[in-house]
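Below you'll find a set of structures to go through.
Two complexes are shown next, each including chain A; its partner changes from chain B in the first to chain C in the second.
Coming up: the complex of A and B.
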């Protein structure tokens, strides 16, 4: 058993206040990330996966309110602002569209030195440059000297995402949150970036929280997978276990509707219906309306997470005590 | 033998690059550079490529949204780049399109019934009542009830809006529908619904599809034949089964192994692609893929490979397969 986890999320609930009401984006989410571990947060749009990522990084938009819960990082609760300031450089986040997440008016060199100065308090220009060059080389960018002088628009999407990863890693964080880091990239580049993330995890002992809608990516990264639906965590297991032995009807459905390149289909399975309105989430199981295995109990009572096998938990009444 | 419905012969589309005060042409982006293929009656042909491969430009040329630089596009008997008047109107009726993002392709200020009756009014002499009947029927075919009739696009979910876009495309009983990344903006569970709908409609209405996508897993599901395109040139073409089971071209092999698969691990991967795709402004001489190809030979840098038939209807443009 590992000692203390690097990050512990406890009963986190987050809401967005919008014109039409209050969107209950994340409800009672709890999970851990251990040191040097890769955890994939998987869900469709509106599942709340990115909101959790932003909350950990302290980058929630202004209309977001943390309704309850704790984000404990190395014994500090990050919801408390003072603790947040201390751990700023320990948690870095990269986003889907690298071009939208960095300032187009600065060169890669300027952006990197800004980040290094702020977080590492290094002010010697040569030391900054050395570090930046080392990082750019580490992420596999050709001609790092030229890279430092380049503006973001001069780089392709894949190169820019590498540069952003280099910037994030230059301050030696403990946790990297990667929110759909390859969604904008072509498959060949996607494969390169995912391989890079895995290598970095091994070399730096980095913990990675990878947020993705693609179960295929989550499976290939080989860590732990947390499946979210409609603001709630519905299942959690090691990637191998989750893919081969999914328990929650939503996870099963999701796995079945992914077309695979190695099988010929006559008809794809799909999950009927659409996600419920997040302003007024169902009081019972969130998946009740679309679930083919639903029972009466599911409509009224929200299932809690139960451990079914070692390292495999699920929030579904089919697996509660007395049901199996 | 199925009759060809659409034939594209040596299609080229060059976009001029202008510079300076007077817009002097300083070069060309060769988006599509000599592409020949045909879509047979009742088949689904997939055009697969990464960004910048020219796949969307081919679609735009067929839809007459762009004028080809050279080459012919033959539909039925006539070259559609040369027709006008009533014949052109007839062509526009027979060839329809569904685009990636329904919220951009549907007019936000029109209600669903207006969106669906507009093409009917433009092309068919029908009474108001007949149009209304047809619209109701269309909604039924695509699996939405008549309550959707008076909704605006913003009131629909992504999947529902894409269904409306499909309904609009089939409203005029076309022969060929061009699907440009029809599910890329959707979640997997919804993607499966739309793919099933598309293959159902194809059978029911006797449609042919030209499907343009970067996602190989949906290609496998939906298409009869597959064409792989790289930097404006066709690399490999053949029956979908063959392309997936025995990919010949190194690029196709790399593309296939880059697709994340839920049952494979990153570490078990055979080929991780190298490098970035080169710019189409100045594409590599000889074979366009030689800069990233693991099996490139000196010959590949000098001469463009000839198209070689490796099996019935399976063509590859690669020097590895040219008989000496």
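Coming up: the complex of A and C.
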């Protein structure tokens, strides 16, 4: 890499303390996000992808503990609280369910102005309003004046998600974490929101970490795709490369699961088996129990990330040196 | 205002029905109790003829439904009757004792809310820490101590042993006489301020402190516990997580955003506990010789003073309805999703 990445995650491990024990939600995750890049974090629910997003944004729930690793953003380790306050405005996050992610008792305008006040230290109400209106217009909302006075329940999901995006981008962040931003929306709206994100990325020079369970969306967004399974990163490649040439058996399975209208499948495909218990993750490969290509080695020894092609790494014994 | 005319109209109709029902039920219950209130009216040394005369005067010789209609007729013309016990017009009795109670419970309610809600928030923010534990233990104790016992202990400690504060009545008689104080609204604190009567003001505040604190104990602990429970739930909601992710300071998140979310469901039970205090205060009023409506109702009941009892019940019913309407209105102001 020519220059330092915007964000570097090193060996990040996060656990949730619950009544029944400790859930090891993320284990030894490492990846980079460069300036102006889109990185998609793909995985099933429970794979730890949202946890990573929340950790970067500094909004982990109380019962989450960062067990180890570093989140380095512009030379600061964000796990350190003081560094966190310096770079708060540089990292913004949007969420899956726009209706649930905005406080129902406040208007869009009130929330936007608090975010702007906090980060930009602007206190002139007119300046705040102008900026808010500009942002709402920029994300394609009609009648932004009315929007400022609206309560969340008066808006549709798509409008709300646009308002949330406007709020997040109003303070001009460097990195936007989008946690399943289209999952709760109609299919027709999904494409619009994704396109909006791509547009905004170019205009604002944003980096985007898109968290999704949908490989199709990840492929459409371009950029790099990181596949997670059970709290571990199993494969990482550029989107074209990953779609054309998936290496990890899990990624292959995921790709086969995308329903296709062009081919007449008699049945929807799925990956047999269920995810292992994360309170006590397997010592070998996490996918061992569901993998159709598993070999003896996979059961006991955890595969490490190996570079198979340029910009394509995978954690699987099938590609370890000497296997192929 | 998010309140529609239809809503207020419906509420008024409802109020009329509730009050009628309350009058009917209390009237019937008090009349079917086998007691002889005419004996009280006629006096201790009355002859048989005098007692018979008293029966006629009080309409007790008539059929019960006729009695009810006569009573309703009087009520409609604003005549609430004469108290059989004090021989004063019931309405003026009730108004003077109601203002005494209102003064007491408003102060108590302010104490309860101003202390209970912050304590609840503090406990919720420091969940499972030692502060939370202390608050939880204290509020359980406070909510379960019998109020009359607490009243006696407070009286004993602050009134008798420490001698800090007076522990009976609303104001000292000598102060009223020497300063020629005349009640106007019936709220002594307001009246003394209106008349610029500093002596009565200080004296009546001194008198109200102990009973107000005792009366506040239960709603204070209740509101602290409820605030804690609701706040913990609110804190786990997604919109709080997004505000955190957007980097808003915790102070703002807790005391602007979460507080409003917490208050919305809390308003209803706080309002009801305020309504309950009107009559529920009578234990405290009894111990502190506070001439309030609970005290008046209890005394009337003990001496078979039926018109007075019915009058008290009507007032309390009207009060409850008004409070319920106010709760709805406040709720709709706080929560824009509620439309009235």
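Keep this in mind: the second predicted complex is superposed on the first by the 319 of 324 C-alpha atoms of A that agree within 3 Å, B and C clash if a C-alpha of one lies under 4 Å from a C-alpha of the other, contacts with A are read in each partner's own complex, and residues count from 1 in each chain.
Quick note on the criterion: contacts are C-beta pairs under 8 Å (C-beta built on N, C-alpha and C of every residue); 3 or more make two chains touch, one makes a residue touch a chain.
In this text the structure is predicted, and so the values were computed from the model without any measurement.
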| item | value |
| --- | --- |
| Combined model on chain A: chain C and chain B, fit or clash | fit |
| Which superposed partner A:57 touches (first chain B, second chain C, both, neither) | second |
| Partner chain in contact with A:114 - chain B first, chain C second, else both or neither | second |
| Chain B versus chain C as contact partner of A:217, first or second or both or neither | first |
| Chain B versus chain C as contact partner of A:103, first or second or both or neither | second |
| Minimal inter-chain CA distance - chain C and chain B, angstrom | 5 |
| Chain B and chain C footprints on chain A, overlapping residues | none |
| Residues of chain C defined as touching chain A within the complex | 127, 236-249, 252, 256-257, 260-261, 264, 334-337 |
| Chain B-touching residues of chain A, taken from the complex the two chains share | 44-45, 156, 158-159, 186-192, 194-195, 198, 213-217, 219-222, 243, 253-255, 257-265, 267-272, 274 |
| Residue numbers on chain A that touch chain C, as the complex places them | 54, 57-59, 61-62, 88-89, 92-95, 97, 100-106, 111, 114-115, 118-119, 151, 153, 164, 167-168, 177 |
| Chain B to chain A touching residues, read off their complex | 50-51, 157-160, 187-193, 195-196, 199, 214, 216-218, 220-221, 241, 244, 254-267, 269, 272-273, 276-277 |
